[in-house]
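Below you'll find a set of structures to go through.
First chain A sits with chain B, and in the next complex the same chain sits with chain C.
On to the complex of A and B.
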């Protein structure tokens, strides 16, 4: 179950933050996303060649806590996508395809001429698409 | 995948945009018109580069990003490759396109008001040609500048059209300072 998704710009400014849990722990999810940014910077600046290739967009599992797992994805334009999930046995391939769909929805939202680059994404279509993608993400299937 | 649009529609929109900004919106202030057109190009380039780098792995350095602009990005925009790429290895690149697609159909109207009425057969000076076509170049320069800056490489882009239909774009990366583009007045 995906708890939240976030889009962070290249100056670590938040562009989109959405939680999908009914519980009122939005603040905790924001905090987790914020901490993950440091991990992304570390991964990008000190690449571990044995784990990831230098140029891949999908950064993989950033750090696991006892109840959450955080996955990251970095685009060519230095925009970071983060996904916090409560499910403890997700497959890598599912997360990759999730991020691919996430990226496609992001590109469409940013191509909106009324969207100001650097400001938060205010598009309702994007929010709806993200809910659809999150609902369609289930660890058993290879979407 | 996406829907397609006829190339003549794109030509039409660009020509009308340049003409609207130069003649109607900022008729008496061509420098402002130029800046506006370049800013529009900047935003378009910014957004386009998101879409065109979606499938690719990340670039490992600036040179790869520039090669991407010269090959894939250029062919997506103009449906052809760059003919020549030169660099002085000190932060300046020159992209040369021998048949710049957006300028191939620019015609110089011999009866425009810029020429004196007393001339029977007006001679088109090279300066006049440059003046008429230079306004059309701010948009592509803006696109390239927007694309590079979204990849994290700020630069100044200026164009040189001394022999149409060839077009040379100068990319200047400076030393971390954003120099104003050479085409625009200070």
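On to the complex of A and C.
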């Protein structure tokens, strides 16, 4: 079950935040997303292995807390996608394909000539597509 | 990609391939739209520098979106962090997507460390445009310069990009050069990364 997704701009400004569970309140999810941003910055600025990993887009599991896991993805323009899930046994491949679809929806939203880069994404189509992608995501299926 | 090929007519619509569809836009449609853009900008400004800036700003928005789109389409994409990497990305991939071919040449400036030049024998956007004499050195390639600036800015390489005409001996029309001058911080980062 995906708890929420978030898009954060390259100056760490929030561009889109949506939660898919009614139980948890939005503030807590905001906090989790915020903490994960620090982890991303750390990963980007200090690569653990050789220089090659500097260029990876999919950042993998960022931050396991007691009931959530947070996955991150970085685009070429330093826009970050974050996904908070409550499932404890998600497969890596599932998450990667989820982010791929997420990226496609994001590119379509940004190509809108009326979208000002740096402001929140206000497109209803994007919100609908995201709900569709999140509904289609479940562990055990591949893509 | 702005279409440079011929249109192939299918006699029967059932014969058309079920591919992703043609990735091309008709050249004439673009030429008309671009000429309208230039004419409209001309009515809004008082001098040439303003006109160039408006075209460049229009290109900047295009560049930012093209970058997002290309990064998503490239299957094995890695984030470009090196100067030469992003320059060759602009020079081949971006040019190929926009104009259907790679740019003619990419050179490093001899006078300054931070200058690079992409040259093109004739920019596609300039093909149907002739500049009147009283406009001096104005180049509608400012639109393309704006696109390049949008791509570089989005990727984290702030730069000042301009378009110039460079007269060539033996050719009637001058060659167009896009001059890219990177900001200080880019050079510092590049030297820190060991460039």
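Some notes on this structure:
Everything that follows uses one rule, which is that the second predicted complex is superposed on the first by the 139 of 143 C-alpha atoms of A that agree within 3 Å, B and C clash if a C-alpha of one lies under 4 Å from a C-alpha of the other, contacts with A are read in each partner's own complex, and residues count from 1 in each chain.
Just so we're on the same page, contacts are C-beta pairs under 8 Å (C-beta built on N, C-alpha and C of every residue); 3 or more make two chains touch, one makes a residue touch a chain.
None of the values given here were measured: they were computed from a predicted structure.
In the overlay built on the shared chain, the residue A:74 is in contact with chain B and with chain C.
In the superposition on chain A, no contact is made by A:35 with either chain B or chain C.
Once the two complexes are overlaid on the shared chain, A:1 sits clear of chain B and of chain C alike. Touched by chain B in one complex and by chain C in the other are residues 10, 54-57, 74-79, 103-104, 106-107, 110-111, 113, 117 of chain A. Contact residues on chain A toward chain C in their complex (touch as defined above): 10, 54-57, 74-79, 103-104, 106-107, 110-111, 113, 117. By the touch criterion given at the top, residues 61, 64-65, 67-69, 71-72, 77-81, 154-156 of chain C touch chain A in their complex.
Those residues of chain B whose C-beta lies close enough to touch chain A in the complex are 43, 46-47, 49-51, 53-54, 56-60, 150-152. Interface residues of chain A facing chain B in the complex, by the touch rule stated above, are 10, 53-57, 74-79, 103-104, 106-107, 110-111, 113, 117.
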